[in-house]
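In the two complexes below, chain A is the common chain; its partner is chain B in one and chain C in the other.
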Partner chain A sequence: MPDDKKSCLSGSGLTKIFGLGRQKTVAVDHVDFNFYEGEIVSIVGESGSGKTTLAKMLLGLINPTEGEVYFQGQKRDISNQKKKKEYWKSIQAIFQDPYSSYNIFNKIDAVLLDCINMRGGRNLPHAKKVELMTEACSFVSLKFEELTNKYPFELSGGQMQRLMIARIFLLKPKILLADEPTSMIDACSRATILGMLMNLVLETGMTLIFITHDLGLAYYVSDTIYIMERGKFVESGSPDEVILQPKEAYTRRLISDVPKIHEEWDLSTV
Partner chain B sequence: MKHTIRQIFRSGKFVVGFSIFVTILLIVIVYPLIITGEPLGIIGQGTFFPPGIYVSVYDSIGSPSYTLFLDDAAAKRIASKLSNDDRLAMKDWLIADGVPENQIDITDTEKLLDLWEKEYDPDKGLPGMTFAKQRYYQRLNDSLEGLLSTEAAIIAAKNAETGVLEETGVVKQSDYVNVGEVASVRVLPFGTDNFGRDVLTELVAATGVSLQIGLVAGLIATLIGLTLGLLAGYVGGLMDDVIVFITNLFLVIPTFVLLILISFSIGQEQRGPFVIAVVIGFTAWPWTARAVRAQVISLRNRDHVNLSKLSGHSIAHIILTDILPYIASYVIMALILQISLGILQEAALSILGLGPKTTEDPTLGLMMQWAMIYQAHILGKWWAYFPPLLTIALITFSMNLMNTGLDQVFNPALRD
Partner chain C sequence: MSKVVMLEVKGLTTKYITRFQEDVYAVDHVSLTVEEGRSLGIAGESGCGKSTLALSLMGYYFPPLHYMSGEIIIDGRTITEMEPDDIRREILGTEIAYIPQAAMNALNPTQKVIDFIEDVIQAHDPYKTKKEIYDLARKSFEVLGLPADVLQKYPVELSGGMKQRTVIATSVILSPKVLIADEPSSALDVTSQKMVIKMLKNLMEYGFIKSMIFITHELPLLYNVTDDIMVMYAGQIVEKGTAQEVVFDPLHPYAKGLMGSIIVPEKGLREVELAAIPGVPPNLKNPPAACRFAERCKYVRAECEANPVPLHYVGGGRAYRCILPEKELRDIYAKEARTREVHEHAR
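Let's look at the complex of A and B:
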């Protein structure tokens, strides 16, 4: 890792335990990491490996049982609502399931207006707000005129997820945490949405933490890959190191599990 | 929203419950506009007049009379005075007096009365006859006087100056009046109660008061339950622990015992319908709180709530816009149940004599309490206790039906 890069988000001994006694589940087990500014980091692991729990801790939605998160070299302080709000101006997220990400009682305009308000645009004239929203929508090839006064459930899953990206476009956070943003989307829309996301990241230079179970995708987009198994980072490094010279058996298994379109599946090993 | 309402009214159960409830509500609102008068006004001297049409005797005499020759009039008149039980009792007396049984024919009224007049001696005590029985025969004998007479009845008025009775009119047995032409007629569909009050008018007023009690109690219980449930479920932590502790405390003590103790300690004078409603409301909230808390806990980790947090919304904003709308249907259902529960609780309290004070407003429970104290159920005066009973049953039935209907609409798994 080049030392001239500034640390953006790092953690030491970050742990989350759910439950108590015999019932307890260690979701994230003493992980250490250092994400640099402007980097695209992938966290890869199978379901239940603790990726989403880690993401929620990074977002400050749940408190870690142990360990600390450092934001831009400083110990992260989100002890009250005001500080949290300030922190969330710098870190935002796209969730896995677009259908459950929206409040079904709120119109789409409200979702986008919230973002403008958060960026301090509360007192802008109405025309300016509409202009901003139209710009954000056209970035993800949506038409704001068609969306206004509609409810999120009237859109398709792909459109909803694109609206999420429009949200990020308006918020322009320093860090974006994308928690399997395309896993609920069909394969055709997936490439488009991923392309939009990458455009946004490259344009604004934000740090992207990309959580996925798809190692092929991770290899394709990221600067650094972290492999997560049962709450621990078992391997990390550049995509070439991790994918081409894997050290861990778990990584090798993940690599072998990526389906290859030209090969016939050997179902006898499953 | 429109769609949901249309769906609700497509549910058969809801429509039936809603119709019953609206009918009751309309009667409560419209009836006092038609029948004006004090709902608790005492109109009858005496207790438990049976249901029926009451025609003023005085006004009947003054009304135009019509002559009708009806064959069965005499038979009906005798039958109404001399029932089959009385005939059997007469036969018993005559046999005990020594008349041979084959000489007595209780179906031939004329012969029976002749024989009775000849043999009966009011002062004669037969062996084994109780004093009460003797009195019964004396009363029976008195009532038989002039039963077979075909003479007209003479109406006389006392002359104010001389104090002598003067004949003012004659009523023949074939004289009739038209009920429509009698100046004063009162229909009492449910008769009168123990104080001589019109049961129907009282019932309508009581239903109104009971519904108000239910509404106030239900609103208070739902409001407290909702607030505590939302706070406990969403804020969590110490707040959750404290609220759950208090809720459990209330749940451990049976609600009704708590109600009795509070009502008793308030004292008779302070207990109006509103106070009772507030007391019921303050004891009925725990299960709403628990249910709301459980719903909120399942909602608070959803992605849309997380997104709302990330958008920098305050806790109050998140609770009001991201949690409350999602549980609104549930809360409305809880409110309906709480209202019907409030009406039942009031009735139960009143039966024990711990309901609203008995002088000003009638409630359904109080009507039943009065009927019970005056032993309407033992005397067979069904009209004193059955109408309020039926009304309570109908109100709670309609509300539970509405609730089930709503449940089916909001919970697709229950649709049939």
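Let's look at the complex of A and C:
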């Protein structure tokens, strides 16, 4: 990364400990990181490596036990609900399960209108709102006319996840945190969704934090990869460094666990 | 020398009847054969009928799924002629076993693993004693590399991957001839996935099962696990061949499109542009009479939408469902690859 890039989100000594005494679990263990503006960062690790706990801390959903998060160079302050709401205007998330990401009582129009209102478009004329919603839907190749008056559960998983991206398109946050956004979606729609996320980053200049256990995905989308093992970042760097010349044994193992096409998949190592 | 055919399916058609009495033909005239010692992979996107095919292959139907026509022959025995109760007693588990994606949820949280296995075995052979069952279970767990103390544990004490492997080991304890694995590893992370795959491969090697059908949308996985691959689209088979052929030399435009969406951590991946297939599969309540892929196909012509397209066999078990001749399809793909290269060069 060139030095002229501005830091968007960084952390120092970020730690989360669950439980007390002998029951203590260190989920995230003194991690330091610096995510730049307009960058796609992947955090890769196995189940239980602390990826999601870290994500929740970055989102401000749980408080770190130790350490600080810096947002755009300033110490993040989310001490009260009002400040938290303000922070959430800058950071948004897409989760693994599109089926449980929506309020089942809200129609799709309401979902999208909410986003427009949040961006301060509450007083826009109705026609303008529809125009914005149509634009957002066409960005994710959905047709707004077909979606209006429908409920989210009437869509397929892939369509729901795309609608989630349409939401982000309207909200234009500074940071988007995507926690395994494609693991419940089949390989074909996955390519579409990854393409859309990458376009979104190009268009809005946001920072995308991509959390996954699939190194193939991480290799394809990211500018920087962080490998996480037992709550610690064990390796980081550009995708070519990390995937093609891994230094850590753990990274090598993760790579060897992914089935490949051109290389032999060695099953004897488990 | 021809090998023993373990599973033969001829023109199997099954449908769902919805709440509104509409027919949905999710498996439409599917024929396939699996020989002893071989594995067949089924690929395709969500909603193409992969899982319905898996359910239909067991010959045991319950609403909304209904059997329409076709034959299923397991090791010389036509099960489509049998009574449902006989199928449940004599075929399921002993001749054909099925592992769904969420197999781990089959474990009873209030029962130890060994008690669960006891239930399974006694459903087929009520005269087996506890001791015999324990010995059998321990032996197969040992062979499959699962620690024997798992047997005395409750499901909550096991990790997801371990639960999945426990259920797989249980489902093959009666040595079925055919194992159908429907996305057995997609709820797991890469490391547990690898353990599950290794186990499935071992099952075949150690003679627990004689043949396997593996269903997933993950093509790299399929390529590494199975000998043959079949691609399904909208309830029909659109391409058949060995894994090597289907992945590296697909004929059907849909199969070609699927191969363009493969993501693997290998050198060169970042240079290629991922090609997704635009559009959605047709609604199976009312599928197009002619080529079902025509609507999304890049190479569509007027003739495509005229008549139903039969499966063309091109020798050696290779088949595809497209009106264009093999050579023409290959020419089109070669030309495309060339233009892409020129583009990349220009960039």
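Points to keep in mind about this one:
FYI, the second predicted complex is superposed on the first by the 260 of 270 C-alpha atoms of A that agree within 3 Å, B and C clash if a C-alpha of one lies under 4 Å from a C-alpha of the other, contacts with A are read in each partner's own complex, and residues count from 1 in each chain.
Everything that follows uses one rule, which is that a contact is a pair of C-beta atoms (placed from the backbone, for glycine too) under 8 Å apart; a residue touches a chain by one contact, two chains touch by 3 or more.
Since the model is a prediction, treat every value here as computed from it, not as a measurement.
Three-chain overlay on chain A, with chain B and chain C fitting side by side and no clash.
Shared-chain residue A:Asp29: touches no atom of chain B or chain C.
Shared-chain residue A:Phe105: touches chain B; no touch with chain C. In the overlay built on the shared chain, the residue A:Glu39 is in contact with neither chain B nor chain C.
Judged by the touch definition given at the top, the superposed model places A:Gln92 against chain B, while chain C stays out of reach.
Between the C-alpha centres of chain B and chain C, as viewed from that of chain A, the superposed structures give an angle of 80°, to the nearest 10. Taking chain A as the reference chain, the count of touched residues is higher for C when chain B and chain C are set side by side. In the superposition on chain A, A:Cys115 makes contact with chain B only, not with chain C.
Here the smallest spacing between CA atoms of chain B and those of chain C, following superposition, is 13 Å.
Chain A residues in contact with chain B (one complex) as well as with chain C (other complex) do not exist. On the side of chain B, the complex with chain A involves touching residues 302-304, 306-315, 321-322, 325-326. If you check the complex, the residues on chain A that touch chain C are 46-47, 141, 156-158, 185-192, 194-195, 213-220, 239-240, 243-244, 253-255, 257-263, 265, 267, 270.
The part of chain A that touches chain B in the complex is made up of residues 56, 59, 61, 81, 84-85, 88-89, 92-93, 95-97, 100-106, 114-115, 117-118. Within the complex, the chain C residues that touch chain A are 45-47, 160, 189-195, 197-198, 201, 217-221, 223-225, 247, 257-258, 260-267, 269-270, 274-278, 280.
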